[in-house]
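Please read through the structure below; I'll follow up with questions.
Order of writing sets the labels: A, B, C and D. Residues in every chain begin at 1.
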């Protein structure tokens, strides 16, 4: 199972800045291993974010997003105590969901 | 006529020199800007979280946590231990750094096979957990100043051994640690090289490791940092937690006394 | 060779599959493989069905370092000050596949995102905004990728 | 009386803690050698025996630990020892192709425990030196080599006037310690890092008037 994400959500005014780190190899599918064969692509394809359970963002990524991806976005109307959820799904079908409380 | 020519040449040389100087600074500035952009959102956070979980998780044949591990300030104390390591431990009779001490605890408390873990390659099996644990433990001393004990004769002896290792020239390239880290204000390619024979200051040298390396997306503890320095020195393989790596750790740590740790850092 | 029609069909099938799993039905959306396989800015936009003329705009911004010490991690920010943006894209012109990240903007988030991308070589990095009215606006910036360290 | 016992006890405790004082320098050298032997192992193409220092490395390491340079006589002796190892190019050609030389200068690979025996060794030059101005990623451990030939007035590297510079440069790359006993620079030819043809290419990068280095 994939390791947990780190989600930090900080309110300022009437919005909250969300910073997410995801533990993922993001293998690009270009690299060769020691035996010379191509390491198959393995990367997060879909990311969704929710605010108190309501979807606020969907994103699609290619294999050129860096390993252990970082994502920052700003949720309007989010205040301290609200929940921010993030879910990712990779091209092998593995998923991971985590949640953080806005501080 | 001749003088006039000379003046022109001098002026041209001076101006081209200025251009080069300006270019160089633009490049260095741009790299600094790049590094600053990476500070917010250090993937080391992922390893830190994992390490904290592992510390409290019952594992190994003895199904025990590491919470009774003595890292130098008594069983279970984590805060502040990192900036006092390596140090002498009476129970093992050895000077140990963070990672070799963790090996001892994993062995005695959890019943894991220390020798097998030491032989495992970095980034594989239990070594992944080792790095995560070291990352979390180091992070618990973030901002604290290095204060390695030097009261025990073995600690003092290891400092002296570490110094000799630091200056050991060998291998096909005649490199020693000092080849790159023996003078102020030097660079390898675009990488600044701290002078580790003196105190390099807050957050530099030992005060920056464990660190997340963006070039390969790996989290490295001090053992791996030293191992890869030796690899690039064209030296053979220093054993994980071997006395050579620990003595070097004592030399570097004592030289950094009083400097604040920023670990876990983010590095090229 | 995949035609656009095939791509659309493929997309619909995937969307159907996802929806049918019922795991995150409200999130069900399709990964647009042909767009992420495209080898140029124009082809990627075509695959996304963005037909408007690509126009440079000062209301779209891309933030990235002038020089990346390492191509494995290049921080990139994309944003627009305009209302009515449907999608924000990050593209790296000289990567094997140009489109790197796509963000579907909603009323609930600001049209401003930061991510980190891999770059195989020095290249222009694009921020592209596909607007609700079909306009396609962009900003670009050259990022130089250097060779750091001693590995050669 | 009680006080006296306490003092004895303390002294004993210190003694038990491990002989109380740090060993002398010679014992530390021996102890270090033992630790090196126990700590390093063969890995890949690198044998632990590469740590057996020759006289040059041994003397220079000792001088570094002591924090003072070799005395003049020893330095001269070490330099003479190393100068003797310099081999002139087998075909008499000191200069090869500067374009190949640039590639070698850029390349920092070879001879680490993760390299294979087939890895073509690089010269590692840009790690420490500025060479071609166009390369902004250069190190500063060694001096700038930009305009190397031009600054030394080399208009025709095959000319008689250029001979001393050409031969010195060859010797410096082959065995840097021939001219500076404890130089930080590797001994590319002597230690088999680069072969004569590769050194000739690097020579061309530095000395060929057509090389970008001399523009």
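Simple rule for what comes next: contacts are C-beta pairs under 8 Å (C-beta built on N, C-alpha and C of every residue); 3 or more make two chains touch, one makes a residue touch a chain.
What you see is a predicted model; the values in this text were computed from it and never measured.
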{"item": "From chain A, the most remote chain by mean C-alpha position", "value": "D"}
{"item": "Pair of chains joined by more contacts [C-beta pairs], A-B or A-C", "value": "A-C"}
{"item": "Separation of mean Cα positions, chain C and chain A [Å, integer]", "value": "16"}
{"item": "Whole-Å separation of chain centres (CA-atom averages), chain A against chain B", "value": "29"}
{"item": "Chain B and chain D: spacing of chain centres that average the CA atoms, whole Å", "value": "24"}
{"item": "Centre-of-Cα separation between chain D and chain A, whole angstrom", "value": "46"}
{"item": "Per-residue multi-chain contacts in chain D, two or more chains", "value": "124, 127, 136-137"}
{"item": "Chain B, residues touching no fewer than two other chains", "value": "27, 41, 188-190, 214, 217, 232"}
{"item": "Multi-partner residues of chain C (at least 2 other chains)", "value": "72-73, 75, 116, 146-148, 150"}
{"item": "Of all residues in chain C, those that touch chain A in their complex", "value": "23-24, 26-27, 29, 31-32, 36, 72-75, 77, 92, 95-97, 99-110, 112-120"}
{"item": "Residues of chain B touching chain D in the complex", "value": "20, 23-24, 27, 152-154, 156-157, 160-161, 163-165, 167-176, 178-180, 182-183, 185-190, 193, 231-232, 234-239, 242-245, 247"}
{"item": "Chain B contact footprint on chain D (complex, rising order)", "value": "17-23, 28-29, 31-32, 35-36, 38-43, 46-48, 50-53, 56-57, 60-61, 64-65, 111-114, 124, 126-128, 133, 136-141, 177, 184, 186-187, 191-193"}
{"item": "Contact footprint of chain C on chain A as seen in their complex", "value": "15, 26, 28, 30, 45-46, 48-49, 51, 54-67, 69-77, 87, 91, 95"}
{"item": "Interfacial residue positions of chain B with respect to chain A in the complex", "value": "40-43, 45-46, 49-50, 212, 214, 217"}
